[in-house]
Amino acid sequence: MTAVLELRNIAKRFGGLRAVKSVSFEMNAGEILFIIGPNGAGKTTVFNLISGFLHPDEGSILFNGKDISRLAPHHNARLGIGRTFQIVKPLKNLTVLQNVMLGAFMHTGRLQQAEAEAGRILDFLQMSHWKDLPAHGLPLAALKRLEIARALATKPKLVLLDEVVSGLTPGEALALAGLVKRLPEWGVSVVGGVEHVMQVVMKIADRIVVLDYGAKIAEGKPAEVVSLPVVIEAYLGAKYKELPK
Amino acid sequence: MVDFLQACINGLLTGALYALIGMGLALIFGVMRIVNFAHGAFLMVGMYTSWVLFDKLKINPYIGFLAAGVFLFFFGYLVYLLLIQPIRDRSDFMQILMTTGIALILVDGVQLKFGADYHQTNIELVNRTLRFGPFAVNAAYLLSFAIAAVCIVSLRSFVVRSRTGQALRAIAQNREVAPLMGINVTRIQGLSFALGIAVAGVAGGLLLPALYLFPTVGDDYTLKAFVIVVLGGMGSIEGAAFGGLVLGVAESLTSFYIGNQWALIVDFVLFLLVLSLKPSGIFGRQRA
Amino acid sequence: MIRSWKLWVLLAVVAASCCLPLLVQNDYQMQVVFRIALFAALGLAWNLVGGYAGQLSLGHVAFFGVGAYGLALFTSHSVPKWISIFLAAIVAVIFAEIIGRIVFRLRGPYFTLATIAFAEVLRLTATNLKITEGAIGLPTPALFTGPSFWRLFYFSAVALAVIAFLVNGWVSRSRFGYYLMAIREDEETASAVGIDTPRYKLRSLLISAFLTALGGALYGSAFQYIVPDNVLTIDVSLQIAIITMLGGAGTLLGPVVGAVLLMSASELFKNQFQESHLLIYGILIVVVVLFLPEGIMGGLQQLFRWRKKPETARAAS
């Protein structure tokens, strides 16, 4: 079975800085994979690479077997990769419904159909009461859901959620996490990128990939990975490598 | 060959003034990202200021330009506080519209006050030509070149060495964090805008002996200034100085070999070339 | 029926414009009204690029001029008048394709400056080229003759405005329009949602250029003589942008409102204030930018939105 997403020896440099150094991993359809790592580990760069906003200097990215390393962002979107942004980017002067309709327009040219589809997704994300409000007034939790809604409207096979729970209160974060856990029901595989909110990751991730300084240092099921010395060292420093159990 | 070099020399002489104009805009647009479509209009006000001093008080423009600079400094500061600061964070669209409006007010205001007639200062220095070997150099242009060169060097020193200059660059790098370092952002930005305008005024004063004076004389210079800033690279004061010289020489050569009327087209062609091939300009750094 | 009130407004405005000639007393006034209608059309055409797509083009006069010069040059080579107009518009579209491919790769003020640069290059070229007789200019054939000369031109301008209005209307309710608005709000997000931003920006420019060129040809024909400083001057670009901004960019009625208000005011100023009408123009722009950045229609819409209850409020486009 072809992996839905495969990164082979991806590398990316910015001038002299090697943001990503030879990262490889695979994920299968229906999985929820989280990329974690301390600040500056390269997660957002990897996200930008997968969604086409950046192109790798070395290596290749395969989506359902197809090489997407050199495609433009809108191509990746059309092939079925949706994404949210770390700093939410709602289209401020449009309503919530209109924001989501934009995603829906990828599969239909008709206003009414797009409206209907957008409405459905907003219902799933429990946002129907926000439907006709302009996006710029919304609180962060709603904006995060809006980002996801808009991505979902494009009927993606893979969705990249960059720092999707950051900035939310624990209650909001857990609620959103519950929703994310259900995404595979819609046929969507999820790649999440997270810095700090480990409770969420532990609860919903099927597998974790750990990055540090642009390289992959660990991969596996959440419980296994977090107690690996190399991971602890990356987050807390060598002093804490041997934590009392 | 001599002709070629002569054209180059002429180009450098005007280029120095272009460099000044460009540096003024580099401060405002390059560093502060304020899209100032009124730059040429302020230059024109500088010219008129010098002219009034010449006409009424018999002050030679080569001294009067200083007064023009000072006047435009305060005027620029006022304009910044009243009209630019309120829309500082709005889109480029708005800034362009606002500064276009300001330009209209300035141009038409000057026209109302002074009429649309052409004026000219007749300083005998303009008629004197110095000879250096096979090359002829207009004495007046040489003087303005020298003054401009001094201004350029002082301006650059100021921006690089002084505390205000450093504060300005801090703001340019990160506007949110700058206040945390005790920088009064509004005041510094106002001062820099004022400085950029003052420099335009100085250039205007220095240009006065060489050109005919009329209300819309500054219009071409706005676009020229932007071309220079782009040529030199965003945020680079030195780049703008260099860009000004390049533009001066390019125009001069075009004038000489192809014809006067095409000189302006060279501005735009250069502009489009740089934007298409190396948008960060000759001295600019790629923005991440 | 959705949006039916807008259709009624359109009909009302068209009816009013048809009755207008009855109020007009002389040829000069008819000419003024002609220009208002023409600029309403130009504003509506610009609105596609500057309003919906949010790309501040200040070089639209390039298409205007190409329309005018196209008419003049084609007819001087024995092409029938009405076909010449159409061909001129096609040429403008070709120009738009070329210009667009270059300028849309630039961001923010660079884009605007590049559009200005292109228009200026065109103006300088026209001033220096043999075929366009340089600054002397060219004669353009009148589309209509006889005593109702200005009235017929006026109706043509109204017709063009109606076409432009309908195009705006269609765009605002279509996927194309939504895509343009997305591009206006945030190009990165638009890409992430699968929108090929350069392609859509270009498309809006092509449509806009076509309509603007028709306007230019009409203008050239009405005044029967064109010079570069008239039909290729940046002043026209500025005027189009200002009318639309003042009336409300990105709204349907904005450009129309802006054209009517601004140009009537300008005429009034010209008569009362003769000398200082540009000054007042400038003050007007400054005031609008400071206090009414959404323009008149945009401001009205904001007000409307606040008054309505949340669940029924819809962001009108």
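Lettered A, B and C in written order, each chain numbered from 1.
The rule we apply is simple: contacts are C-beta pairs under 8 Å (C-beta built on N, C-alpha and C of every residue); 3 or more make two chains touch, one makes a residue touch a chain.
Every value quoted in this text rests on a predicted model; they were computed, and no experiment measured them.
Comparing mean CA positions across the assembly, the chain most remote from subunit C is A. A comparison of C-alpha centroids places C closest to the centre of the full protein. Chain centres here are Cα means. That of subunit B falls 32 Å from that of subunit C. For the pair subunit A and subunit C, the distance between C-alpha centroids works out to 43 Å.
The distance from the centre of subunit A to the centre of subunit B, each centre being the mean of the chain's C-alpha atoms, comes to 48 Å.
Contacts with at least two other chains are made by no residue of subunit A.
Subunit C makes touch with subunit A in their complex at residues 173-175, 178-179, 181-182, 185-186, 188-197, 305, 310-315.
Taken together, the subunit C residues at the contact with subunit B in this complex read 54, 56, 58, 102, 105-106, 108-110, 112-114, 116-118, 120-121, 124-125, 127-128, 238, 241-242, 245, 275-279, 281-286, 288-290, 293. Across the complex, subunit C is touched by residues 51, 53, 72-74, 77-78, 82-83, 85, 89, 91-95, 98, 101-103, 105-106, 108-111, 114, 129, 131-134, 150-151, 154 of subunit A.
Across the complex, subunit B meets subunit C through its residues 29, 35, 83, 86-87, 90, 92-94, 96-98, 100-109, 111-112, 223, 226, 230, 259, 261-262, 264-265, 268-269, 271-272, 275-276, 279.
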